[in-house]
C-alpha cells in the first residue's frame, strides 16, 4: 500500500491466475459436498474479468471493482456468482472514485464486501460457507491495522485467520448452500467457497508484500 | 431302437437337461454374432416342455412330438422358437400315431424336421445356421442306415457330421439370421443354432446308445 | 448389473403391469400374454395395427398403443421376438372387422413368428396384411442375406399408418401407406456403451473407454466397425451421410427427422446431434418438415443414438402431422 | 468420459441450438443468452412464467416452454444456476403486461440469481412474483438450514401454474396456485450411478458395483445414505414411504404420480418402479388421478429415479388435466 488502480488490476489478474491454478482442486472439494462446479465457475468468471480489464485502463479503483463484480454476477452463476459479484460491487462502492487505495480503503472495502455477502446469502459464521474464512480474516486485518501494522503484514495475519477458518469448516455441519442438504455427512470436508476466499486473500497478501 | 413313447419323453427330457447345462455357452456364442439370448430362449422353451410332459403320459409318439413343437413355438420366441418348434411339429406329423418308433421313423422324422426348418427359415446349407449342422447329420445318418447300420451307430455318425458342420460355420459368412447383419465380421465365430442342433443330436445319440 | 428390477426373468411382466397401472386411459393388458391393447379395442370398422418385438426398446412398442397409432403391441422377452400365440391373441383382441395390419421389423425371428400368427389368424377367418420395416442402412441390402434391420424408422410407420387407419383407410390403403413410409425411411445408429440383458446379467459386448461401435443394432448386434470416439459433429456427419446417400435424399426433398436416443444418452447430447443434422440438411437444400428428438426406440441402458430421415410427400406430411395420443408419442 | 459432444465448455450452446433447430414451432432463442422463449412471446395480457436453472436436467427447463407451461427458460451452465442477466432478459422478452412469475428451485444460487433479476426487473418497471419449489423430502426441512431442494415436483408447478396463466389468471392467482402445488407436492430420489459434468470430465462421485445412494440430489449432491442395492420393490417402497409420510398423504386423498428417470435408467425400469408405487397407493386407499412415467428432471446420464406425489383438489385436477403443448410435455 498504496495501491494504484493499475496495480489493483494486476492484483485481480493474479487472483484469476490463482483460481485457474486451483480450478480442479476447488471443483474436487465441491464434488465432495456440493455439485462439483465451484472451481470451474470461478475460473470461468475470472476469465471473463480478465477480458474486461484492458477496457478499464485509466479508470478509478471503484469503477474497476464494480465492473469486476458485475462481470462475476453475469458470468459465474450458481451461489458463488452473486456472492463474489456482490462482494466486489460493494467493495467498489466503498472505495468510491479513488485512483490510489490506502490501508483504510482496504479495510473499508473488505468490510463492505463481507456485508454484501451476508446480505445476499443470509449466512452467518458457523454455517460452513465462505463467511467462515472471510469474517475472521477481516477481523484479524482490522485489528492489525488498528494496531498500526502496515497492509502487507495485516493481510498476512488475515490469511492465517482465513486458513484457520477453512480448517474450522471441516469440523462443522453446513447450514447454508448446497452442502447443507448433507446434514451430518458434510462434516469432515472443507468448504469450497471458504477455500476460494482463502486463496483470494492469500493472493492479495502475496501481491501486496512481494508484488507477486 | 425301438424307442417307446415313454423313452421318447425321457430323451426329450435329456435334451432339455443338455440345453440347460449349455445355456450360458449358447448365449455366449449368440452374444458374439447375435443378441445373446439363444441359450436363455432354448432353456426356457424346454422348461415349458418339461412341464407339459407329465400330461402326455400314455400318448403316442406323434402327439408327443407335436406338443413339444407347439410348446416351443409358443414359449421360445426369436428365430429358434418357430424353427425348432416347426421341426418337432413336422417330426410328429411324420411319425403319426405310432407308439414305438423304429429306425425308419427316426430317418423320416429327421427329414421332415429339416424340411420344416428350411421352409420356415428359407435358409440353405452354407448360410451359417442350424442347417449346417442338421443337414450333414441327416445325410450321414441316412447313409449309415441305408447301409444297414443300427440307429445308435448311425446317430453317432450324424453327431460327428453335425460337429463338423458346427466347425464349418466358423469359417463362413452368415447370410441368414441376426448374424447376417455382421457380414465379414461373422467369420471366425461358430453359429449358436448349429451348436444347439449338434448338442441335441449328441444327446439323442447318447440316449439311444447308452440310454443316458 | 445395476438395475431397478425385482427378478431378471420377470422384467417384462413387471414392466407391463406398471405401464398398465400408469395409463388406464390408454391401454389394457391381455391376461398372461404380455400383450398391450388399446383401452377401447376393438374399434369397430377401423383397420387395426398390431406390432411388437422383443422388449427392452421402450417406449417401443407398448408405448405407441393409443389413438392414431397402434391398436396392440406384443412384448416378447428382452430382445426376443414375441411368439405366434401372443400375436394371434393381439390380432383377435383388436380386429374391428376391417382387417389387421402387422408391422414387423426385419428380423428372422420376428418375421417367422408374425407369419405363423398370420397363418393362424387366416385359419380363424381374420384378414391380415404385413409390412416389414428395414430402415437400417448400416447393413448391406442384398438378396442373398436377411436384408436390412428394422430400427427407429418403425416409429414413423406406426405414426403414419396409424393415422391412415384412424382416418378410415382400408386395409390395403393402410398397408400401401406403410409401405410408402418403408420405401422412404432410412436410419443409422451407433453405440458408446453396451447394455445388459437382465437374464444374461452382463454386458452383451465390451467397448474400450475410448471406443464406439458404428452401425450398432438395437439388440446389441455388432455394427459395421469400431473406432476411437470422435466429436458429436463427426459422428453425426458419418451417420447422416450414410443415411442421405442410401436413398439418396436430394436437394428439394422435404423430410422428417428423428434423432433417437438408445436409452442411456442424455437428451442434451441428442440435441447436440440434431444441431449437426439440421446444419447438414440445410447445406444440402433439404427441407425439414418436423423433427423428433428423444427416446423412441431404445436398447435398454445403451448409450448412443440413431439418426432417421423420412422423405415426405403431401400424403405423408398430412398423416405425420395428424394428432396422436399414446403414452409414448403425443401430438396435438 | 464418453459423450456425444463437441467441446465440453460449449455443450449448453450446442444443445440449445439443436433444440431450437428441432422445434421452431414452439421456441426461439434469445441471441447469446442461452434463454429459450416461446415462439410467440410475449403473449399480450397473459401472465408469463419464467423458470430456469442449471443445464443437464433436460427436458427441464427449455423443454417445457410452450403453450400451457413456461414462457421462457434460462439455461445455466451444467448444474449451475443461470445469471441475473439471463433471467432479466427472459423476463423482458416474455412480459405481456400482466406480470411475470418466476419459478425457482430452492438452491442458494438459483434463489440469489433470480432475486437479483427480480430487483433489476422492478427497477425497469416490470412486475414479478416468485415461488420457490422445495419438494425433496430426502433433505430435512429446518429453519436453520437452506431447507429442502427442488426436484421433479417442479414439473407439476410448471404444468399447473402454466395452465392457470394460459386460462387468464392474474399474477397473484397464478402465484397462489403455484404455491398450492408446492405445498402439496413431495418427491424423493435415488441413484445407481454417478454422472459426469462435461467440463469436469469425470464422475462427481463413485458408487461400488453393488451400492446405491438414497436421497440423491439432481446435481449429484450426496443423498441421505448409501446402501447395498436392493430390489426395485424395496427401493420404491423406501422412497414412496418417505414421500407419503412427509405431507402426510392419507386414505381418501387423490394424487398425481410422477416416476421420473434421472437420464440413464431405461423406461422399462421406471415402469417396474411404478408397479410398486401404484400398489402402495392402492393399499393405502389413495386414488391416482394421473400418472406420468418418463424422464422429466434428469441428471445427465445418471441412472436412478425419483418418485413424486402431488395431492390434488378440484382446481389442481382441472389445471393438471388441461392441454399442454411443449417439446417435453404434451397433453391432449
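Brief remarks on what is shown
Each chain carries a letter (A, B, C and D) given by its place in the written order, and its residues are counted from 1.
The definition used in the following text is that contacts are C-beta pairs under 8 Å (C-beta built on N, C-alpha and C of every residue); 3 or more make two chains touch, one makes a residue touch a chain.
Since we're looking at a predicted model, the values are computed, not measured.
The fewest steps needed to get from chain A to chain B, moving only between touching chains, is 3.
Separating the CA-averaged centres of chain B and chain D is a span of 55 Å. Chain C and chain D have CA centres that are 29 Å apart.
Chain B and chain C have centres, each the mean of its CA atoms, that are 32 Å apart. For chain C, no residue reaches two or more other chains under the stated contact definition. Counting partner chains per residue, chain A shows two or more touched chains at no residue at all.
Chain pairs that touch one another: A-D, B-C, C-D.
Interface of chain B with chain C (complex): residues 27, 31, 33-37, 40-41, 44, 73-83, 120-121, 174-178, 180-183, 185.
Of all residues in chain C, those touching chain D in their complex are 2-6, 11, 14-19, 21-23, 55-56, 58-59, 63, 192-193, 209, 212, 229, 231-233, 235-236, 257, 259, 263-276, 278-279, 288, 291-293, 295, 298, 300-301, 303-305, 323, 325, 327, 330-332.
Per the touch definition, chain C reaches chain B in the complex via residues 54, 76-85, 107-109, 112-113, 115-116, 138-140, 144-146, 149, 197, 199-200, 204-205, 217, 219-222, 224.
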